[in-house]
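Next, two complexes with chain A in common: one pairs it with chain B, the other with chain C.
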Partner chain A sequence: MSKAGLIAARLLQILPTFLLIGVVVFVLARLLPGDPVSAALGDRATDEAVNRLREQMGLDRSILEQFLLFLRSAVQGDFGQSIAFRTPVTTVIAERLPVTLALTGLATLIALALAVPLAFVAAVNANRWPDFLIRGVFQVGLSSPVFYVGLILLTVFAAWFRWFPVGGYGEGFADILWHLLLPSTTLALSFSAVIMRNLRAAILEVLNAEFVDFARAKGLSRRVVMIRHVLRNALISTVTLVGLHAGSLLGGAVITESVFAVPGVGRLMVDSIFARDYPMIQALTLILAVVVSLAFLITDLIQMALDPRVAR
Partner chain B sequence: MTALALTFRRAPASLIAGAAVLLVVLVCAVAPGLIAPYDPLAFDYGALLQPPSAAHPFGTDQFGRDILSRTIAAATIDLQIAIFATVGPLVIGTIIGLLVGYYGGIADAIFGRLVDLVVTFPFLVLVIAIVAVLGPGLSNMYIAIGVVGWVFYARLMRGEVQVLRGQDYVSAAKVLGYGEARILLRHILPNAARPILVYWMTDMALAILLGSSLGYLGLGAQPPAAEWGVLIADGKNFFSQAWWITVFPGFAIVFCGIGFSLFGDGLADLMDVRR
Partner chain C sequence: MMAAPSSALLDVRDLHVRFATARGEVRAVDGVNLSVAPGETLGLVGESGSGKSVTLRAILRLLRANAAITGEVRWQGENLLALPEKRLRDIRGKDIAVIFQEPMSALNPVISIGRQIDESLVAHTALDAAGRRRRAIELLDLVGIASPEQRLAGFPHEFSGGMRQRAMIAIALAAEPKLLLADEPTTALDVTIQDQILKLLLRLNRELGMGLILVTHDLGVVAETCDRVSVMYAGRVVESGPVDRVFTAPRHAYTDALLRSMPHGGAARAPLRPIPGQPPRLDRAIAGCPFAPRCALVEDRCTVEAPPFAVVAPDQRAACWASDRLAAREGVA
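Then we have the complex of A and B:
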């Protein structure tokens, strides 16, 4: 199949995925406790008003019709009114999603900046003390819960040294960066441990490949072989890994945002549970799943571009 | 006896170190009363927010409760989380993976789509959404994790079984006329089990991280239950004056997590499982 055909096929695959995500969220929403009509109108609504809204929301129709209605409004971006905010759910989420994307994006950059050089050092010194030291430190990072790391960074760098704000979100690029630096470092720590472990193994594997022997036999310098041949090939697996971890990164953002009071969708999710804001929970679950499946899509496309073998 | 001694000599250092760490956690979890110097729930108004000292090695909290005793007592719930949140998925996932991998066909195709779907939802977000349906608390948390978690075991098991079902010894067993149940349970399962066991160790470490995170958010274990995440949440408002309330329970989580990781790494080495 040609490359363009593969890309088109991959793009089409996203549609059934979206549909299935819709099914899961719809089922989950049916299982939620409480009646959405009385939640929206309160206890003192008249029977007439209840019936009218029930009809409006399509709750008097068959379950299949209800599902189609749900899909139609989801495609139109209509997830109903938030119970806690009394505005359309979509408005609130549109405000907060960029915050979470900035947080997770910055966290990915920090994780890569930590993991790539250290994985390189560890692999080159495999089974000697720098390797053991790097792996040991990252093992501690991997075993530390995100909220714990966050609290420690918050206390040391925001409360004691006062280098960073204790929470919230800024205005303008530099201010936002300053506010997000501690939370994204927190989020990056365990992620970088995962990347480091994977990249170290990938570099060790590539080091044994025949094309590396060949490059050395050609008389290329060690430096050129390492950077142009070894690291470049090993990084392809890192791209896949970063994409596959989009979900766990968003999950980590839920906790990080709660610790640092960052006004993103993760914190919104936790707040919505305590506020019993079911339309919000429903929409957030759906949108976060869509974000992850888009991340998978982008990963596949990047991989197709980087690795010519994929297209064959 | 010789076999045991041989196994012990062959055991990787990480397996022994991990086992030692887990043994400490296990003893704390089973008999906290024997080790803890104080009653973890006893208030002591004479010793509020005391920093670590000889009398209170981990200090005391705002009610004068001994942090060391509370951290030891919390091992009970956290080890329970590691086991209860993973055993259900382990058993169900293994059975489904075994069947789907062996028989293939339409069930396998459906399972493949299910895996694609489950990995699209951020695990924590899905667990939180299910907790929202069921309500916060430990047993609902186990259900929420179980509803999603079995898929990862089944996926692993399916991959193993698909390789094994083509092996000569399985064909030989078929030729001998053994029933399918016997082939699945006696020939395939024992050989496919090793990667599952190794993954189980990693998963228990993850379960403690997840369980303490939900406890911290108020969606898992509910106070006054002593759980490491809940203890950390308890102390977070005093962090700048009394860091010891949060720092020491966190050490326990890291300690326990490293124990499971070392044990899992050692097990992988011992059983020659590639990860």
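Then we have the complex of A and C:
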């Protein structure tokens, strides 16, 4: 199959995934304790008002009809009114999602920027002191809770040195970057530890491959051997790992956004749960699931580009 | 007296390779001497573990960090073992190229064949991109790969076993080396393909005047393809000489026993006699001749004093105390 065909097939595969996510979100919303109508109107609403809203929300129809209605409006990007914000759910999410994507995207970049060179140094010096030092430091990073690391960074770099703001989100690229640097670093630390360990192991394995000896036998420079032959092959498994962590990165964003008062969807999720904002929770769950699926798709595409054996 | 300047292309003198392992030091190569003349084909034979592959890799210092290599590898007046890494890189792939046993693992799975040829050309020639492409097509054609232009973009997993070995040879030939080190290049292939690859190597050896060291455990392959042969046992070269001399009139008891254990190429119509016992362990020093415990011709001094690697006939050397007795028997037969 051609590469374009494979990509098209992979894109088609993602549609049933979205449908399944839709079913799960729909069922979950109906399993949640409490009645969304009384949650929206409060305990003192008249029966008339309750019935009117019930009709408006389509809750008087059959389950199948409700599901089809839900799907139709979801496809149109209509998730109803937020109970807490009294505006369309989509408007709020459209404002907040880019913040979280910037936060997690920057965190991924920071994690890679830390992990890739250090994994390389650790692997090349396997079981000597640079390796022990790097692994030791990352072990600490891996085992520290995100909120704790966040609070320490906040105290030191924002409160004491006043190099960074204590929270919030900026305007314009540089300002946003400045605001997101601490929270992204917080989010990146444990992630980079995972990447570092995986990549170090992968590099060690590739270093033993015979094609590395053959590359040396060809008289290639150490740099070319290490980057083109060793690192490139080792990175293939790391790409998968990074993609698979998209979900946990978003989970980490929930905590980080709360600690640093970053107005993203993570914090919105927490607030919505406390406010029992069911339409918002439903829409967030669906959209985050779609984001994760897209992250997997991008991972697959990168992998296809890196490893010709995948495209068989 | 100074040693006479040799006419050899490559001259390996007293090569030792020791591996530091968790269970102590292993002497994988223990005083090997080899030489190859320009355009000559040298077979390096021995059982697995005899140190032939390690010897081959030690020539270009391709062993891992736990290997200590000592001795001398003379190449055009220089000792490759003493060269700085950077100078050595100019010789690797350009003057001396290597091919390995398993092309599937020796070729990078995620880089196209064309690119793998190209990087050798980048490293060793001054050709521009278009020139390198032309040369890469020429090379694939030279090693007998059909429609080379289309094959350039192919990846190793898209090639058959024999094609992969041809591709690896093409990569090795990229910079027109004067010597090719081939480490069991046909062992992983089907018998019919083996023959094709050997014929290809011989053709290249003749047409390009390229020296060849062929490491193999297959005496038949050596008999068919090589000018000279060096027989290795327990990390040492025990006998070397012209193939027709060594295979018809061996002067080392191990060579003799090896030939008798093979269905072809040995003493005519003699019954097959497997060599009893196992090769010695290499993690301790061996007093005397390493083959003595398994040798049918063993005498008292064999276990005490190592026999010198002496000239036993014109152009033939052997390290065996029974050398004269083997010669005498030859005379009788």
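The criterion applied here is as follows: the second predicted complex is superposed on the first by the 308 of 312 C-alpha atoms of A that agree within 3 Å, B and C clash if a C-alpha of one lies under 4 Å from a C-alpha of the other, contacts with A are read in each partner's own complex, and residues count from 1 in each chain.
Methods note: contacts are C-beta pairs under 8 Å (C-beta built on N, C-alpha and C of every residue); 3 or more make two chains touch, one makes a residue touch a chain.
No experiment lies behind these values; they were computed from the predicted model shown.
Partners chain B and chain C fit side by side in the overlay (superposition on chain A).
Of the two partner chains placed around the shared chain by superposition, chain C is the only one that A:306 touches, whereas chain B remains out of contact.
The superposition-derived angle at chain A (between chain B and chain C) is 80°, Cα centres, a multiple of 10. In the superposition on chain A, A:187 makes contact with neither chain B nor chain C.
Touch criterion not met for A:107: it reaches neither chain B nor chain C.
By the touch criterion stated above, A:218 is placed in contact with chain C alone, chain B being left untouched. More chain A residues lie in contact with B than with the other chain of the pair chain B and chain C. By the touch criterion defined above, A:292 reaches chain B but does not reach chain C.
Contacts of A:283 after superposition: neither chain B nor chain C is touched. In the superposed model, A:210 makes contact with chain C only, not with chain B. In the superposed model, A:232 lies in contact with chain C only, and not with chain B. Least inter-chain distance for chain B and chain C in the combined superposition, rounded to the nearest angstrom, is 16, based on C-alpha atoms.
Once both structures are placed on chain A, no chain A residue is touched by chain B and, in the other complex, by chain C.
Those residues of chain A that touch chain B in the complex are listed here as 17, 20-21, 24, 28, 31-33, 139-140, 142-148, 151-152, 154-155, 159-160, 244, 246-248, 250-252, 254-255, 258, 269-270, 272-274, 278, 281, 284-285, 288-289, 292-293, 296.
Within the complex formed with chain A, the chain C residues making contact are 57, 60, 62, 85, 89-94, 97-98, 100, 102, 105-112, 119-120, 123-124, 155, 157, 168, 171-172, 174-175.
Across the complex, chain B meets chain A through its residues 113, 116-117, 119-126, 128-133, 135-136, 205, 209, 212-213, 216-219, 229, 232, 236, 239-240, 243, 246-247, 250, 253-254, 256-258, 261. Those residues of chain A that touch chain C in the complex are listed here as 209-211, 213-222, 224, 228-229, 232-233, 236, 306-309, 312.
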